[in-house]
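In what follows, chain A forms one complex with chain B and a second complex with chain C.
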Partner chain A sequence: MALLTPYSKIPELNTATLLLVENEEQFQCRLADAIVQREKDVNVNVRLARKLPLPVENGETRPRIDLVVFIVNLLSEQSFLVVENSLNHLSSDYFLGKVCFVVTSARCGAVSQERLLSVRKLAASHRCPVICAEHQTDDGVTMAATRLLTILKVSAGLSPMPTTALYMSTLTRCTVPSDLDED
Partner chain B sequence: MDEQARSILQRIIKKTPSKRLETIIRSWNCLSEDQLHSLNYSQPKWLFLENLVSRCEENRVSLKDVTKLEMIYHIHNPNQGTWHACQLFQAEDDALSVHFTQFRESFIAHLEDVVQHVSVGMKKLEDGAIWVRIAWGDNFRKPNHLKPTYLVHYLQSSYVFIHNVTPKHRPFLYQALVLATRHVSIKECHLSSRSLTAMRDLLMKQYQQVFPTNQERTLKERNAPPSHPNIEREHAESSEGRHQMACEAFGCGVLPKLETAVYKLETRYRGNSNNTLNDGDELFRGVVKFSSKNILESLRHCVSTGMAEGPVTPLLSSITQKGRNYFVITDKVSGATASQTPAPKA
Partner chain C sequence: MMGGRAVGMRGSEMEGRSSAVNTPVRRPVTRRSKSYGRSCVEPPSLFWQTPGHLTTLGHRIPTSRRAAKSHNITEKVDPEQVALLLDGEWKLSYVTPLFLFRHTQLKLYSKRLAAFIIAEKQQGVAVEVGLEAGFRVSFSAVLGMAETEEDAETVFIQIFSRPVFGADGSKPVWQGWLTCVNGDPEYLRSLPPDFTSLPLFCSRGAESLSALVKSWFQRTFDCSFGALGLSSSTLHWLAALWTGCHPAAGIRYLKLGWTMPTQPPLDIEYSVDPQDAWELWNSVHKEDGADERISVDEVQSFINGLETHFFRHFKIYLSSGTLTKVSTALGSAHHHGKIKMSSSDYISTVLTLLTECALLKTPV
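Let's turn to the complex of A and B:
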């Protein structure tokens, strides 16, 4: 089983690569469009995947991936299960600030709160940040794209400020409040 | 104008949106041009009805004419009420040469043979559909025009669509149909829907179908490449494969709008966890019903996005392939029953 590793390839100049993992393949396309159109200074590559592990055939052409984003649609149980399974195919180096979770449909009233909580627990146990995104409006998509780009630049080492991915991840990682933790 | 005609007229006016009243009444051809102009279609419905009735009385419009208006209303609104499909079998030699006049005469004659009081209205549309309206009576009562049966048939096709027929009149109707279309037998298709057009499209295969093919080219053409050179799909091939699979099962493009698919289970419970359900020879009866605004669209979406695992079970794909949406699943045929589909929420 091939693990995806962050440091096995040489980075390209002024380039950052983002991997969007979403089982439903709905939000990721719009998000990818928003991301590439928004960023003008840096060359941003976006790879779209349904789940990990990635197909071996693309291994040669795939650039070094600087940030893995897991998109969880709270309306679908399957979406969460796929993400949970995919995490096993990432090398542990990624969890030092190169993984991020995006949650959609969190605002929908029909969704049980347990599902959001289980995503947060999953993220907290892997020391990753969680972003809630609005996927129905264009503004929401743009907003999510901006936030992801900020994280991407840090994790790809393109940020002019002396911020490292590890430093940022300690600041932004998800922590589950203790009263929720007790349940 | 008698009470029955008046209440039919009232019902039609009530159901028709004000915007479309004029087109319907115009295509009725019972009022003169002056009378049509004198009507005010934006009036409240009850007032409009009074005016319409007085015009009709001037013209001595009969009950028969009012039923014609009702037919026009139904022809304009084919997607109301529940329609059932039936299929004719074993065409006789001259079945292909039956034409409208012959069908009409023979149908009415056969119906009048068995039911004394029956009133039949028939109309052939430009697309070849024959619309039949039947008001049933019996030996002692006049036809009840308030509960008519509607029937749509395309000559030389083997399908008949029926709306609102009672079990009592069903045999008479079937017999007259079989004789008038020169067939030997008729059977229910187990297909019902609110939308007549959807059923017609499904049964007569008037939607865009996809047939299994090994040509990759068609796939590549249909799936537009990502909008930006920096975006790349890791699972492009498998998603194309799934899309192709979904289209082969359910067709591509706009699909007929069926609302439900019902599976009646008459099988034994198979599972090892629960002993009370796992009760030997007893059948575990149940009904699985999928419902959606457009069930075929939903199923296709489930398969093509990978929410339901492929390959598509024959239980789902036979909705389009056999043109049915009601299935009874029994234990005897081992192949088709085993897979209880991992129910995708439609």
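Let's turn to the complex of A and C:
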């Protein structure tokens, strides 16, 4: 089974590549446009996918992927199941700061709390950050794009301060309080 | 010298006062709340402002529940009143605890609510135009619905319209009830003494009357109402609980309704033969013996079984849509917060589940 590995290709100069994985393909395009428009100093390539594993045909021409972002729509259970399956196709090197989860519709009243909790548990077990995004307004999309760009620059090694992806992910990883009755 | 001493005393008095003012402000105060961007590292808390029990309610989602037992509720509750509850479809809301609600003053409340409704209807009308219909309200307590000592007794409200021409006004135009069945005992015990918690509000009738009743309650008892939608996990539980009752009381059918997010939206109704549903449920649920508890994994496997069967035939992933409706002969529930109970034997189980949903949804 071909796993996606982060270090098997040579990085390009002043370039960062982002992979957005979403089952519904609703939020991907708007987010990709917002990301590309915000960043002027660095070349940002955004690639879109519905699930992993990625098609083998493009394997040669695909650049090195610096950050894999999984977008989970809390209104559908299928979204979460696809993400869970996709995690098996990533090499374990990715989980040292090169994976991020974005959750949409977290504030929707019709969503059951268990779904958000299970996404957070999944992210916590893989030591990855979770970002809640508002996909319906332009401001929300811009905010999500800004946050992802910050993480992308660190994981691509382009941040001016010497920060590594592993250090960043240790700071921002999702924690799930296991027992909340201690107070 | 005396002047000097007086100054000295005054100085220490002032110092004492200022230190008493300063100390409370210094303590760092963090309030824990289920806020939007809570994805980063939790800061350590030093001091909680609100009592801890009220805030932990929202995080404790139960993973196992008691199986539905058939209770002959007519032993405890007047059968006529039970018949009123089973009559049709109710719209659900959650209610925050009521302040100074007394079960002994129900007659007074009925008079006040009737006067309020009449006044609101007449608002803005200077001259009486047309027929003036009066309203009669009756508050009654349905005794026997409460399961534990901490539950407050159910209150049933009916509004009858009193037409001018002396015709029979005994058909209610609006009905509603407030109830608490098997509420979380720790939460109920932690409420301050003057508060009564009746978290589930069911109503049926004209929407304008519902709004008037809710605003009267809000003004009189300082509570607030909110719409209670039934999430897909609640509907899964109801489907599993009702299927589990099949040998005792035949459910006759299990119908599940889904809405797919396609353009235009596709509605799917999936009917399952009760015997097949029961066999699937039996293969998933392990009989524990004495203590019949159903765990959330069993419910999830049951629903997964139904969904994969559907996928095998129609190649549609049901999990990408939303479950909107579950219905059996014992009752039906809709995603927008509508419930119908058709059998008196399982009322307390369904109400326990709904009370729990209402308590989880209440903003604390």
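Note that the second predicted complex is superposed on the first by the 179 of 183 C-alpha atoms of A that agree within 3 Å, B and C clash if a C-alpha of one lies under 4 Å from a C-alpha of the other, contacts with A are read in each partner's own complex, and residues count from 1 in each chain.
Definition applied: a contact is a pair of C-beta atoms (placed from the backbone, for glycine too) under 8 Å apart; a residue touches a chain by one contact, two chains touch by 3 or more.
Predicted, not measured: the structure shown is a model, and the values here were computed from it.
Visitor: Using the touch definition from the top, say if A:Leu158 reaches chain B (first), chain C (second), both or neither.
Guide: neither
Visitor: Look at A:Asn43 in the shared chain and tell me whether it touches chain B only, chain C only, both, or neither; answer first, second, both or neither.
Guide: first
Visitor: Would you sort A:Gln78 into first (chain B), second (chain C), both or neither based on which partner it touches?
Guide: Touch status of A:Gln78: both partners.
Visitor: Once the shared chain is lined up, is A:Ser112 touching chain B (first), chain C (second), both, or neither of them?
Guide: second
Visitor: Name the contact category of A:Met143: first (chain B only), second (chain C only), both, or neither.
Guide: neither
Visitor: Which partner does A:Asn23 contact after superposing on A: first (chain B), second (chain C), both, neither?
Guide: Both chain B and chain C are touched by A:Asn23.
Visitor: Mind working out whether A:Ile131 is in touch with chain B, chain C, both or neither, as first, second, both or neither?
Guide: A:Ile131 contacts chain C only, not chain B.
Visitor: State whether A:Cys174 touches chain B only (first), chain C only (second), both chains, or neither.
Guide: second
Visitor: Could you pull out which residues of chain A sit against chain B in one structure and against chain C in the other?
Guide: The answer is residues 23-24, 76, 78 of chain A.
Visitor: Spell out the part of chain A that touches chain C in their complex, as residue ranges.
Guide: Interface residues on chain A, with respect to chain C: 23-24, 75-79, 81, 106-107, 109-114, 117, 120, 129-132, 171-175, 177, 180-181, 183.
Visitor: Please name which positions on chain A make contact with chain B in the complex.
Guide: Answer in residue numbers: 19, 23-26, 29, 32-33, 36-37, 43-51, 54-55, 58, 62, 76, 78.
Visitor: Which part of chain C faces chain A closely enough to touch in the complex?
Guide: Per the touch definition, chain C meets chain A at residues 32, 36-37, 39-42, 45, 48, 52, 56, 58-61, 227, 229, 231-234, 261, 317, 319-322, 335, 360.
Visitor: Tell me, which parts of chain B touch chain A in their complex?
Guide: For this pair, the touching residues of chain B are 226-228, 230-235, 237-239, 305-307.
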